[in-house]
């Protein structure tokens, strides 16, 4: 267990008015690890993602990326330091072409590119997510899953140290789900470090090394996947009896 | 009873729905399955009057013609839609959302009775009556949306992927609620990605492929169907 | 004390200018640049009724209000609804409504110019003094203030405590979802636009009792209204009223304590200050 | 995206020819047509400078009059002391600094809040200038009495317009331009792909504001007598927005298409029907909104699309 | 030349902030003049009468539009003469163009102390309405006279609108008042367009002045008066600037207007003036004001008479005639000294429903000022 720690969350707390959305949360992600972040609706998962990516500011606590405190930085700086993300509600750039959407992820981010080099990299990524054929099309024609693929390609364009995927698999039907899981598998095989928020247990089981379970803003379990999902507390709060 | 005949919808040149016909009886759950972009949401929105459908189609509920009507008229006629993304009023409180649900004239005199039903189904809403819906979690908002639809005293309820983004626990909850609603005599038209769980509670099902109905039948037959298993149940 | 009372009276006048717009923009989603012209048109009507027909302006409100309602309803249904229908998103509607209401602004101003010419108009009504705590205030301003309290109060109760009012707010929050609860969105929007027009027109009637006006002055009122609406938070009647009062008091205080030459500067300074700390206005919704 | 394409060279040539022809206008007519031409060039310059910022960001700024007025005032104050070209540079600097500050102040605002904020800012600047003038200077109006003829002003504006176009073109090809397009689409995404949208926006607003101030400075001699109500006339801000929106804001030259017909229409209506010009303009406006929903540029693009049966653009 | 009409163009505000003033003083007089001249068969040029044909333009209160309009009139409509626009700033903006084409430019509503500088620069320019100094100083003079007669005391409150005319008058007026031995107990300015002036009036009231002087513009002239009436500002002399002489002022304030001073004035008792007021009302349907209306009309008469005397519409000759002649107008005799009319009314007062000139720079018929006795 001496793999280097990529991300360290230290007693992170986030308040919205009177509501404690994230309460004194601690966890780490080590290199090449795929971490599942799960929990009931409203337990604070997206908020954690927002805190890591800088979309929201912590109320207290700190977040470190490879020892460097990033929780006091604005989102764009965090992105430049190597954290990329996708959004729970897909956000694509509608007036840009598909390829420009991907390039946008790599021009200002961690590994920067511009000009022909950027185009090549983007085409390569599009091929990887299966969108090569649509590279020069406007984005309006994309179906939902293609939008999700596009967002993933954009997040990868900066070649980030840490990738945050917020319910990237949600809304896919079983067949598409299979494709999606395979795609993330391939990222895992590349050795990427990923935090995955999902409600799809099949995906969590097959993709994650470890998972952190949240409920009402606090961590209720943290550990190896199969074991964690058997935790009675997790079953009570999240899985329900039927899935157990 | 809801009856749709020859419904077609186009976005510009793109034909999202092509001559779809279907019906939903009271007291039954009908599930519509289909890939992303197959046109499921379009179907529900078109029935609900939120997007215009092409000429020549007919829609009726209990014999009342509702084609080309505005959403508010269709709600009055007894069809309630819980749309994709819930469509709740984030800036209003839970109570106000529910009260607005009882806005149709047909529902006003049943307001108190329906409110009790909703609170029985979702006790958490009773406790959070004054909370702004925007500040609630996804699952709670889903409850508000369903509750609001119940408040409008519908004969037919339409759900667009009600389990989307819900935890396994809540998903099970929601499907339980659908069965309870069905027992009160409401007809339910359910659009879902979660084929396994939705077919399990449904009476009948339609498969929507590229805007037209590919297959239809009793739910228990569909579950057994080889093609269906392959496409929608993951092998 | 004198500053506060003068400021509150002034704030009442400002509230009358702004509340109509906040409803029109908040609910019907029309950024009505012609709001000042509506107000001035009402000033002219009142003036004309007062001078030619000897109708008391306060009673005049009861004639002008229904007329304003019908007129604004017609403007919305005929001119603006097509824009709302065709708008693909909020930004498009914003652009279209700016352009269209700019056209209406010209049209109304032109009509008033043809009807009344460019001269300044004013008349004397209740311009006697009324003493509060030892200082004299214009009775017409006091009456206008009381009317403002009455109008905005009624409006607030209507919006928060009646079913129809809640429907109006629902349309403001999410017009698409409003259809799902049997709200006739077009009708409620038209109603809100017309209601906003009525409030603005009533404001015009009351203001005409102490302002000197001419056909070209609408834009002055529009600017004031925009500032207040934004400061208070779009669509929020409370916000508009409080912003108006703050402005009234701030202006009076600046004029009395610092320099009357800086009153308008103070308005904008305050406006900018508030937006710097609350970018969504005093009562605006968070956009994050 | 770095290489200069053949298309671009062709457009460049067209532009050179067009500018050369336009530059000859004062040789043909020194009177009414020149005067009209000057008004058109002024609004083209203003609208282009405005679109520089507002086009990609979709932020509607109503602060045009503020920067314009500042430029005018720089010349008004300095004309007896410093040579005109230096004044233009000072105007650019002051315009840039002030617009930079306004930019910094408006970072958190969006939509209509930004619109009205800039309007408020413009009024605040105007009020402060007035107040300073009232209390700390002796004279009231400033007189700018120079030997510039309309032709000189016209040429200066034309040259400036070309400069603005070139700036815009360079920005478009740069990372800044790309960043702006992303910001225009979705600011959250922009931040998460590493764009310091604050910096980018402020930079662009600053460039735009500096240019607008220079336009004001160039026009000062034409005003001759400078006072706040005309130098800071909010109508300028409104007209610039209206004309730009009419033309369309998606490309740099789209406003051109709005300005020319609009100015001509405005002129024609006010000449023929001085007593009903407001009414007719109002009606014209409404007709434009209903009949040309996408801005004139949208219309033109629609038409060209239909006519040119070009193969799918294959990027390259 | 085979032409038989004289084309006359005027560009002034029909919309925008200045339109309130033009609607009273500019447009009706142009109409009246056209009517009067054409009723006579036209202006007598040599041995034939040439009727006038009017071209109207709206400058939207904006100098750029004014310049453009004048260009258009000259080059497209080919007008023979241009009537000066309204407003100091706009007159200055169009001056270079009119000078370039050599058109006579008889500016009326353009009040400035730099007149000599301008007329030197633009020799075709004439100024008729007066200088800021003239207006401001006569306020001091009249008040001084009243004080010396023991009618009023020594304390005066001075306020002004923060816009061109108001600022310039205040800058000259305050030193003049001080020089005349007055104590300025309250002074301030307020922004253009302010109509909520309770703080100003109350501020003045607290300083307990004997006289109140406001260099104000139309809407605030009304608002200050109204507020003074409500606050019962007890002063013996009350002066408000532009628009005091408007008929609408008297109509609004009725007997409360009694004794109020304002800028400008006329001698309403001369037979010419009486006739002018009568025909103004008959022809235009509105009443003339007691200052700039008549001056505007007089400037048109100057133009008319200059053309007749020159016997041609040739500009240099007409300009020469204006420079050197004396003209009989509704305002009495007008002559230009260095292109500037140096005898003008500076101050008037409402007395029994009529606004009488009470001070001038050397004109006949000044009425004796009275003190203000309350607001009833």
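Every chain is named by a letter (A, B, C, D and E) in the order it is written, and numbering of its residues begins at 1.
Heads up, the rule we're going with is that contacts are C-beta pairs under 8 Å (C-beta built on N, C-alpha and C of every residue); 3 or more make two chains touch, one makes a residue touch a chain.
In this text, all values refer to a predicted model and were calculated from it rather than measured experimentally.
*Asks:* Relative to subunit A, which chain's C-alpha centre is the most remote?
*Replies:* Between subunit A and every other chain, the largest centroid distance is to E.
*Asks:* Where the centres are mean C-alpha positions, what is the separation of subunit C from subunit E, in Å?
*Replies:* Centre separation, subunit C to subunit E: 36 Å.
*Asks:* Counting in whole Å, what is the centre-to-centre distance of subunit A and subunit B, each centre being its mean C-alpha position?
*Replies:* Between these chains, centre-to-centre, one finds 30 Å.
*Asks:* Could you tell me which residues belong to subunit C and also touch two or more other chains?
*Replies:* 109, 113, 259, 261, 264-265
*Asks:* If I count partner chains per residue in subunit D, which residues reach a count of at least 2?
*Replies:* Within subunit D, residues 127, 130-131, 134-135, 275, 277-278 contact more than one other chain.
*Asks:* Mapping chain-to-chain touches, which pattern fits: line, ring, star, complete or other?
*Replies:* Shape of the chain contacts: other, as it matches none of the listed patterns.
*Asks:* Where do chains touch, given as pairs?
*Replies:* Inter-chain contacts occur between A-B, A-D, B-C, C-D, C-E, D-E.
*Asks:* Which of the residues in subunit D come into contact with subunit E in the complex?
*Replies:* Checking each residue of subunit D against subunit E gives 29, 31-36, 39, 42, 127, 130-131, 133-135, 138-141, 143, 145, 149, 219, 222-230, 233, 235, 267, 270-271, 274-275, 277-278.
*Asks:* Which of the residues in subunit B end up touching subunit C in this complex?
*Replies:* Touching subunit C: residues 48-50, 70-72, 75-76, 80-81, 83, 87-92, 96, 99-101, 103-105, 107, 148-149, 152 of subunit B.
*Asks:* Flag every residue of subunit E that touches subunit D in the complex, lowest number first.
*Replies:* 14-17, 56-58, 60-65, 67-69, 71-72, 74-76, 88-89, 92-93, 95-96, 100, 112, 114, 121, 162-165, 167-168, 171, 189, 191-192
*Asks:* Quick one: which bits of subunit C touch subunit E in the complex? Just the residue numbers, please.
*Replies:* Residues 2-3, 6, 10, 13, 109, 113, 117-124, 127-129, 135-139, 210-217, 220, 251-252, 255-256, 259-261, 263-265 of subunit C touch subunit E in their complex.
*Asks:* Can you check the complex and tell me which residues of subunit A touch subunit B?
*Replies:* 16-17, 19, 39-43, 88, 143-145, 167, 170-178, 199, 201, 237-240, 242-243
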